[in-house]
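When the chains are written out, they are named A, B, C and D in that same order, and each has its own residue count from 1.
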Amino acid sequence: MNPVSDLAASLISIGFYGISYAMILYVISVGLSITMGMMGFVNLAHGVFAMAGGFVLSICLARYGIPFPLALAAAFLSVSVASVALERGLYARFYGAGELTQVLFSIGLIYVAIALARLEFGTQAAPIMLPDYLKGQVKILGHDFPTYRLFVIVFGFAIAFALWIAIEKTRFGAFVRAAVDNRAMAQSIGIDTRRLFTLTFALGSGMAALGGALGADVLAPQWNYPLEHLVYFLIVVSVGGFGSLHGPFVAALLIGIADTLGKYWFPEFGAFLIYAATIGLLLWRPHGLFGACS
Amino acid sequence: MTRIKAPGLFFALAFAGLAMFSGSGAVSAQTIKIGVVSTFSGPAANFGEYSVKAMQLYEKLHASELPAGVKIELLVRDDGGPNPDKAKQLAQELIVRDKVQILAGAGFTPNAMAIAPLATQAKTPFLILNAGASVVTTKSPYIARFSFTMAQSAAPLGSWAAKKYKTAFTLVADYGPGVDSETAFTSAYSASGGTIVGSVRVPPMTLEYAPFLQRVKDAKPDVLMVFVPAGKTATGLMKGFVDLGLKDAGIKLVGPGDIVPDEELANMDDGAIGVTTVYHYSAWADRPANKAFVEAWQKEYGTSTQTNTFAVSGWDAMDAIFQIIKAGNGVVDGDKAMEVLKSYKDANSPRGAISIDPETRDIVQNEYLREVRKVDGKLENIELETIATALKDPVKDQMKK
Amino acid sequence: MSVVLETLNLQRSFGALMVTDNVSLSIPVGARHALIGPNGAGKTTLINLLTGVLSPSGGSVRLDGEDITGVGQAARVKRGIARTFQINSLFRNLTVLDTIALAVAERSGIGWSIWRPANSYRSVRDECMEILTRLGIADEALRQISELAYGKQRLVEIAVALGLRPRVLLLDEPAAGVPSMESGRILEVLAELPSDIAILMIEHDMDLVARFANRITVLVAGAVLTEGAPLEVMADERVRSVYLGEALHG
Amino acid sequence: MTAEARSAQAGYAGATRYRWYEAVPFIVAIGFYFAMPDYLSLGSRILIFVLFALSLDLVLGFGGIVTLGHSAFLGTGAYVAGFIGAYSPVSDPIIQLLGAVLAAGLVGFLTGCIILRTKGLTVIMLTLAFAAILLELANKASAITGGTDGLSGIQVAPIFGRFEFDLYGQTGYLYCLGVLLVAWYLVRRLVHSPFGTSLTGIRDNASRMHAIGAPVYWRLVAAYSISAAIAGAAGALLTQINQLVGLDVLGFEPSGEVVVMLILGGVGQIYGAFLGPAVFLVLQDALAKQFPEFWYLGIGIGLLFVVWYAPTGLIGLISRVARRWGRP
């Protein structure tokens, strides 16, 4: 027995879990970061979309036996489409409203959503039946890793890359960046911000749904989901700096790994570490790691 | 000048609106009112839902046994979770406004503690349907418990585990029930010659157990005792247990029955197979009384729903309430009702023979060793043996000594 | 004339961008000094450095010959430096009177009073009304800021600064966005200010500058291009080219 | 809101004299005591949340600080009053109350010094984080706080040695009303003072307040500490009425709900803090009874309705309606 290699094995294992947890947080939160940054909308109800994604995945898998990749896509698409209706019908009205109104509005939305979720799905968490090819373990360099967690990590990085391409290299992305930087300016140079907002909102909600579905195996879809995990999403967004694209990625990795390692080494401090770290980080950089410092 | 006149009007309306909600009206003297304060919303909504369903089912099936003309009215109130102030307010209103003769409920210990002084002041019998901290029954002479105490399952589990496994690790949620079961397990396990090689307390709402389970894996115990809240947290733990290879490493997962609730098994995956628990009830127990109970339940609420501990608590409590009503011939007097409760016995409860300890007013019941197995493609809690018969609350027993 | 406010080699950079580049200014008592320059020349940054909103990367600020570079914003106000904002920066939900009273109250040290009702401070109210009368907007005292015409809001901006009884007044484009008819009114107001107040004004309108200032500093790309009497500066070729370019852009 | 209405409230040109409608909440509360003796428990809960919302109004409504962690102070007050009642021989409710007020004020001062260095969303996150840390602390220190089982065995003597807390909650109700009356008077004086006016100025335009030389940071810290102290009083009342403290007082729920209640009622107008909790809790009580399992739906739709039709809260709605009727 070699204590050093034992420790290394433990750390690799923990780090792996930390990263996969981080990817779930990232995919859910990145949409919130963009909508908050661009529209300045304090959307506390972001978790509703993540929950919806999880439920859609669960229904697709359990009730209709739809293959897993299609079910993921269905979660993204259905929630995106539904969110367009919400954005046009409800959110758009509160773009100019103050922070407080937006807080109240989104809390109202959370209440309605969790009540509906409870009526439809009951009080228990929805079961997620993963396909066999995502179950079990994969051996890499002598370590066993759970296949699904590996999938989550790969998927998360792929999403991050795809988003980076979409925002940095496309015309749509250029518009989004312009609108995040300066909404009035974007409008004055002829960008249809109304449509841009709707599209971005749909993308952001769709990402949340995708993250909710991807993470459903860990953060089980249950009716009180939007309130239960709200704080974590907010932490990722605020530490990352809202309006930023890579901010949430780095913040999620930081929080995912720090949280996991912290719990491994100092389990007695429970949830302290993550909050203390958040306070420390925000005092050091009040606008988050990648937030606009104005 | 603008005068803001209407606020006053609105206040008046708001408070006047209250009056409309107060009209429960006069009822015939022969209606026995039972107030249930439990949890029907929030993460623990199962607590109240199952108990009340069982109480209603019992009432429906046994209505003919009541003295002629006597009816039962259940007044159900939601405390929303561990909210002692809310629970107290609801109980107080049930007592002073609705004039309930019997109180039942309390999913959470703090809620039970908040209601206890009211039960004493109003001399209203208060039947505990879930809260499991030992101390609860000492808070009022009008309390009788129909659920369980944490130590009732954890202590026999410890003694049993010590006989089969040399070293143990405990992992519990860092809140009352978790700490109670850790304490009871640890002392019973050590007393029977086992060695605890490590323990960790985790935040109650933990979903990702990898870091904690890695610690367990590092310590290489023979057996891991866990207590975490039922539902997705327990599911998450078992997933992690398999994913991190603890199961393959030959570590045995045991715990109080709360970690594999009957109603949640359908949502758990095969990782739960082999989990061994000690509990006072299983929906799959083959006692005739239980089979009848489950059959009646599924006939009423559908075959997709399971009976569980909350249901059996509600069922037995309703049986006791019927005895109180029958003994008083339709009249409920607090002190007399307590006498009935203290001598309450039922050899034929779905969970086996139970009684109320006249001294502590705590439940006396059997504890069963169970294992999660797959039967016809579904997970079930299969009772293997009765490892404790007519067990009193071990904590109170110890305090006496 | 004794110097009240001066800067020595003042520098400020944002990253690699030098927005204030070795600026040395000296404002004597009673000065009517204008600071001009094209957009982005760093004029507002300079005011922010003088008032302590920003801290300089190098150099120093002196008041009455004393180094105040490290002194905070509030303390500088206490020592007599007041400013107005280029874009109206008022309290939308307060009345004109309250807006000015806030300044007067801070100056007279009652801002911490938490027990006596604000309206019982007669002297504060009287002083506010006196300032408003001087600026000719006493009629508007009880109206909410958000209901006021833009030009009047500019006057309130100045009134707030006057409420601080400044010795040095920094005006950031006091007539910006005001139609030329009304800007005359603002100029009148400025002309009536006590002569012992030193005024540094940022302004684009060369007409206004010519009527107001007895000394002009031209700032380009953060650095002082030239400084001198109005006629002298306006005759300067470099200034003309800068302004011609600006005019073409604008 | 028109200029007249605004100036009638506070400020240097404002009127500080009392208007008849300001007495309405208290008249209603006293009327309630006599008219609905069976509902005093709900009534006390409403009064306590009014007090809590009033404390929040000071920072959120007047100071413009958005917080989702105000339960930190409710909880501190509740636990400190509980500690005094459970572990010291002092069972006098007034002393317990004062102890809670001081402790919560102190915690407010210490955390405020840190939190108020930042702005906007960061403030929200920091308040959340501090409340979460206090909750963890209370959970970990279960030896003295009782953890999730709650802190019990709290001795509360009769008020002034004469009025005992009774089953019907009469004493408790009047006691809460008395404390609320005192707090309301304090807050009203504060809001009408130069300090209060400067808070409004900071809320509307902090950089302007800097420019007129106001010590913005310290003003906010002071307001935050006072608010925390009042929230602590609400916590102490909760403890004394229940003679038990549950961990939930430090949870996210009271923080979130009190914000909802206040915005529902209307921020920055004192009386919104009276109306919001009353409506919210009465609705909750009624809906939870009709549909014990789904009152969230009702509350949610109610909130959306208010946001949609009454963005300035119910008080704003009422004054709009009043104006329309007042000037046909």
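Just so we're on the same page, a residue touches a chain if its C-beta (ideal position, glycine included) is under 8 Å from a C-beta of that chain, and two chains touch if they have at least 3 such contacts.
Computed from a prediction, not measured in an experiment: that's the story for all the values here.
Q: Touching chain C and chain D alike: which chains?
A: The common neighbours do not exist; no chain touches both.
Q: Applying the document's contact definition, name the chain pair with more C-beta pairs in contact, A-D or B-D.
A: B-D
Q: Can you name the chain whose C-alpha mean lies closest to the mean of all the C-alpha atoms?
A: D
Q: Looking at CA centres, what chain is most distant from chain B?
A: Chain centre farthest from chain B's centre: C.
Q: Based only on mean CA positions, could you tell me how far chain B sits from chain C in angstrom?
A: Roughly 71 Å separates the two chain centres.
Q: Just give me the whole-number Å value for how far the CA centre of chain A lies from that of chain C.
A: Comparing mean C-alpha positions, chain C is 47 Å from chain A.
Q: Which integer distance in Å separates the CA centroid of chain A from that of chain D?
A: Their C-alpha centroids are separated by 33 Å.
Q: CA centre of chain B versus CA centre of chain D: separation in Å?
A: The mean C-alpha positions of chain B and chain D differ by 34 Å.
Q: If you look at chain B, which of its residues touch at least two other chains?
A: Only 41, 45, 49, 174 qualify.
Q: By the touch rule stated above, which residues of chain A touch at least two different other chains?
A: Residues 118, 270-271 of chain A each touch two or more of the other chains.
Q: Could you say which residues in chain D touch two or more other chains, in rising order?
A: Answer for chain D, listing residues that touch two or more other chains: 2, 4, 139-140, 293-294, 296.
Q: What pairs of chains are touching here?
A: Applying the touch rule to all chain pairs gives A-B, A-D, B-D, C-D.
Q: Residue numbers of chain D touching chain C in their complex, please.
A: My answer: residues 1-4, 6-7, 10-16, 189-190, 192-198, 200-201, 204-205, 207-216, 219, 222.
Q: Can you list the chain D residues touching chain B in their complex?
A: Chain D reaches chain B through residues 2, 4-5, 8, 19-21, 24-25, 28, 31-32, 35-36, 38-39, 41-42, 44-45, 139-140, 142, 146-150, 152, 167-169, 238, 241-249, 271, 274-275, 278-279, 282, 285-286, 288-289, 292-296, 314-315, 318-319, 321-323, 325-326.
Q: Can you list the residues on chain A that touch chain B in the complex?
A: 6, 10, 13-14, 17-18, 21, 118, 123-127, 129, 137, 144, 146, 149, 217-220, 222, 224, 228, 260-264, 267-268, 270-271
Q: Write out the stretch or stretches of chain B touching chain D in their complex.
A: 1-12, 14-15, 17-19, 21-22, 40-41, 45, 48-49, 76-78, 80-86, 88-89, 92-93, 95-97, 108-111, 113-114, 117-118, 121-122, 133, 135, 139, 174-177, 179, 204
Q: Using the touch definition from the top, list the residues of chain A that touch chain D in their complex.
A: 36, 42, 90, 93-94, 97, 99-101, 103-105, 107-116, 118-119, 227, 231, 234-235, 238, 242, 270-272, 275-276, 278-279, 282-283, 286-288
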